[in-house]
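Structure in structure tokens, see below.
Read from first to last, the chains carry the letters A, B, C and D; within each, the first residue is number 1.
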């Protein structure tokens, strides 16, 4: 299973080539991840406060195929591609909503970070269970 | 009449004080303006391409009352406060959706810019008529 | 006296009109403010940690005169225009470095915020003294 | 040989975890690339205008090791790792300037894009020659 969110391209996301700046696709993916967690009853902030755990990114990759432009709505598709106790890898695709054209694809690897000792730790089991339930 | 849009605060919008960076409220206002034009069948891009006109901001003002935080959804409220042939002034309020608390308020003054001669010009009559119809 | 900093316009700062997005001038002003404090031996972070005080913006205003473009270097000029125990108002001008053309001008009003009680407080006397010394 | 640039971490670059948002390291790399081209007498804009060529990114990768924080100055180190007529791959490392700690490392693959036909093309020979001369 996958999780999908639609995101309108904002004017400020574009650059002087009149296309979305490549760094902003990572922000679209994070918006989708935020919406996934919201739908599961979590947020980055609640993870910080409830579990004293953050979930930083340790790897980010993207291959760009075609540009998004102002006026486009993009669909971010998230898949859970890999997971261990301490790591989840989300694979993503971003498509133009109007015609389904693939704009870019890549992945994010996230890990658990113990905010008290600022060192690696297991991801919260409750988060993992809900993500697995939603995406596998 | 007013135009309202809800916008989720993104993690990337926050800063190390754990609140939304003050410059991002202007981006929320622009997102609301984009949604207003979308609802009216316009976009910045279509204005550029159809009328060879851009609508840059010539003044921006904001007074900050309370911070938004990650997890909040904010409601942007737009009013058309002033207008001439060449200028529109949108007044805005941004409130926290959950409890209606006022976070900030201000205005944006926009003008018509002829993209061929890169000089001031009247705002497109069709845009003005639709905005007036929606907001007055 | 004034404080001046040069800032190169980054590609990511531009938008599809091929000019700097209006919200980014506020970021240039903040970069100049950061450089001012760095030159005085302060930082936002040190204020937070040493004095448990933050200095949020309570008002921001800008009037735009001409666009900056990619490749430009802009000069931010800061003046201390007003001050009380609890408030400082910085007036700014941003000019294109190559020809001195005024791009925009405005002000920021900042106040002291007690991070323990999250309420208004006097600005740190040490900060105020150094800013006054540098800018008056 | 490598190209190095120092970049101060801006307050707006941080997020509510009090560290630099992961997407901003890609912006630091681009700032370094811009400084490299400036030192060689090129800019993205001049490439667009002189050669009708853009140099979009087709792949971006980063592995994160440690966080940068507000107050840090980071050093971006660029290497030319691979090149063909149509593609250059820059490998980068970002280190904290004060102690040299590695914060993240990755690469960007850029290609030539003919802005007239909006299709792949050779990178400008003059750009390639200068980059090779500076980095090999």
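Following the convention adopted for this analysis, a contact is a pair of C-beta atoms (placed from the backbone, for glycine too) under 8 Å apart; a residue touches a chain by one contact, two chains touch by 3 or more.
The structure presented is a predicted model; accordingly, all values stated were derived computationally and were not measured.
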item	value
Pair of chains joined by more contacts [C-beta pairs], B-C or A-B	B-C
Greatest separation from subunit C - chain, by CA centre	A
Between subunit A and subunit C, centroid-to-centroid distance (C-alpha), Å	33
Centre-to-centre distance between subunit C and subunit B (centres being mean Cα positions), rounded to whole Å	23
Gap in Å, rounded to a whole number, between the CA centres of subunit B and subunit A	27
Junction residues of subunit D - those touching two or more other chains	11-12, 16, 19, 23, 27, 30, 44-45, 69-70
For the subunit B and subunit C complex, residues of the former touching the latter	16-17, 19, 22-24, 26-27, 30, 44-45, 48, 54, 56-64, 67, 106
Interface residues, subunit A side, partner subunit B - complex	8, 10-12, 27, 30-31, 34-35, 38, 43-46, 69-71
Subunit C contact footprint on subunit A (complex, rising order)	11-12, 14-16, 18-19, 21, 23, 69-70
